[in-house]
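In order of appearance the chains are A, B, C and D, and numbering begins at 1 in each one.
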Amino acid sequence: MIRLLVTGGTFDKEYNELAGALAFKKTHVPEMLRLGRCRLDVSIATLMMIDSLDMTAADRARIVEECGRSVESRIVVTHGTDTMVETARALAQAAIADGGKTVVLTGAMVPYAFGSSDGLFNLGSALSFVQVLLPGVYIAMNGRCFTWDQVRKNRESGVFEAL
Amino acid sequence: MIRLLVTGGTFDKEYNELAGALAFKKTHVPEMLRLGRCRLDVSIATLMMIDSLDMTAADRARIVEECGRSVESRIVVTHGTDTMVETARALAQAAIADGGKTVVLTGAMVPYAFGSSDGLFNLGSALSFVQVLLPGVYIAMNGRCFTWDQVRKNRESGVFEAL
Amino acid sequence: MIRLLVTGGTFDKEYNELAGALAFKKTHVPEMLRLGRCRLDVSIATLMMIDSLDMTAADRARIVEECGRSVESRIVVTHGTDTMVETARALAQAAIADGGKTVVLTGAMVPYAFGSSDGLFNLGSALSFVQVLLPGVYIAMNGRCFTWDQVRKNRESGVFEAL
Amino acid sequence: MIRLLVTGGTFDKEYNELAGALAFKKTHVPEMLRLGRCRLDVSIATLMMIDSLDMTAADRARIVEECGRSVESRIVVTHGTDTMVETARALAQAAIADGGKTVVLTGAMVPYAFGSSDGLFNLGSALSFVQVLLPGVYIAMNGRCFTWDQVRKNRESGVFEAL
């Protein structure tokens, strides 16, 4: 069984038509798994629905705590891309892997709701890597997988690249 | 570098509006990789564009041959789901893995062009598994990965399941 | 109030993923009206769900009868494009317009469910023309509106054009 | 021939993936006409690409001027919904209709680029109404058409309704 923790990010941004602005409602992850005909046993929990630029130390502590207390040892976290590396570091510094846990963070550059998202591709990727990688904290983006301390987001290109 | 061999299948079916019927034109795989913001080094070749129910022994021999001569040791094959297991068997019987090759077959239940496909999810999954699995022949569908001799397609549910 | 009679056609074709073939399930028209934020008072009835190439004289008689008995004088009929002109002729020959009725037939070249349909555009067009045209039988396709005896479908281009 | 003047609005908003925000690039109107298999003779000009809340008196004067100088007597204007009524008023006060011109303004509540837009429906509707209505200034939204002084946007529901 895989634990899937939802924290928001571009993955789950929607268009609020009355405000004419981007907003969060509820996560699209269950719909994405249905669309992907995913037959993995996935237990989903929404921890927060925020832009990762708005994520506080307390929010990160909550993610670390939830990963720590998870009975499933394989965990995927959906997360905004801007501070994904920071949260990965917080998880690594909390020694999540020592408990035998494999945590893979993933996200999207385009909201799933906007019809042209990399989210479905990344979700398929993250759920695959998490099944086979050794305990540790990883980031799966752009079809690639990086250990938490070997990656940065290139803000010019929007691409995650090796350090 | 990853080799990606295209053979057609539901993955690449389109709607021909003049005929009012399903048809193959050219593969959507490059567009899907772009949409997925994939930054893997992928070398694509289209071997054929057919329904896997129409696949002959000669077609399978061609797939085996292309996998055998591939300089890349990590290979993804997109394939119709109906006879995917059969092609996987042909690859295994040709001892592809002995050459140190990891081959992952994947496909889709709904054409990518119809906007609600599992193809993007499966492609993300197959490209991830192929990077980390030991030499062998595998099928990646529904978020799961099976060795070639441990899987069948359940034709009632459309789901790939363990034997 | 507008009467909307559904007869199937490409408009409502879907992809049946177990059969790997095109099929009809139920009409997408209500969903399309919702998506179009349509606020017209529309009363929908599904008369049949068939390819217009399979439409029999009895089927056409049924459409004529339903238009005749409709209490609403403004009627849109969704219809396969291949024999749309034939049904329009049947309606005209039954002197539908004499009862003060405006009937607009419309359809699509690409199924709505395949994400790139002209159906939504045509539906907006047909529902607009039907509100303002004099009693008669018309075909609304490609942004244009033709009286029933001034139009043919060009099977090479898939476009409706004036005679 | 129909003149189609683009001014931006929700119709043309896109998601900028590097900024993670909504933005304007270029208009989607030509693509929408292609998707709708529109075969009307439409001459498109982009006057501006702005949110209608940012539209100044000078911008409105420009729209009035372009409608006035248009050699085509049938004109569709795509426009943000928030101040669409205001621009319609400016056109009416400039006595556009006296020159024999029929102007129909339309827009969308959801960006076309976000895959679930009312824009395609509204565009089909506006292009249909403009062909048959008498000279005047109109707003086509939600499948309905209003004369410029008989309509308001209900900001709670996002729906255009009769005064």
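Simple rule for what comes next: a residue touches a chain if its C-beta (ideal position, glycine included) is under 8 Å from a C-beta of that chain, and two chains touch if they have at least 3 such contacts.
These figures come from a predicted structure and were not determined experimentally.
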item: Any chain in contact with subunit A as well as subunit D; value: none
item: Most widely separated chain from subunit C, with each centre as the mean of CA atoms; value: A
item: Computed distance of Cα centres, subunit D from subunit B, in Å; value: 45
item: Subunit A-subunit B separation of Cα centroids, rounded to whole Å; value: 26
item: Interchain centroid distance [CA atoms averaged], subunit B/subunit C, Å; value: 39
item: Per-residue overlap in subunit D, given as positions that touch at least 2 other chains; value: 109, 115-116, 158
item: Contacting chain pairs - touch in the sense defined above; value: A-B, A-D, B-C, C-D
item: Contacting residues of subunit C [partner subunit D, same complex]; value: 32-33, 35-40, 109, 115-118, 120-129, 131-133, 140-145, 158-161
item: Interfacial residue positions of subunit D with respect to subunit A in the complex; value: 10, 13, 15, 17-18, 20-22, 51, 82, 109-111, 113-116, 155-156, 158
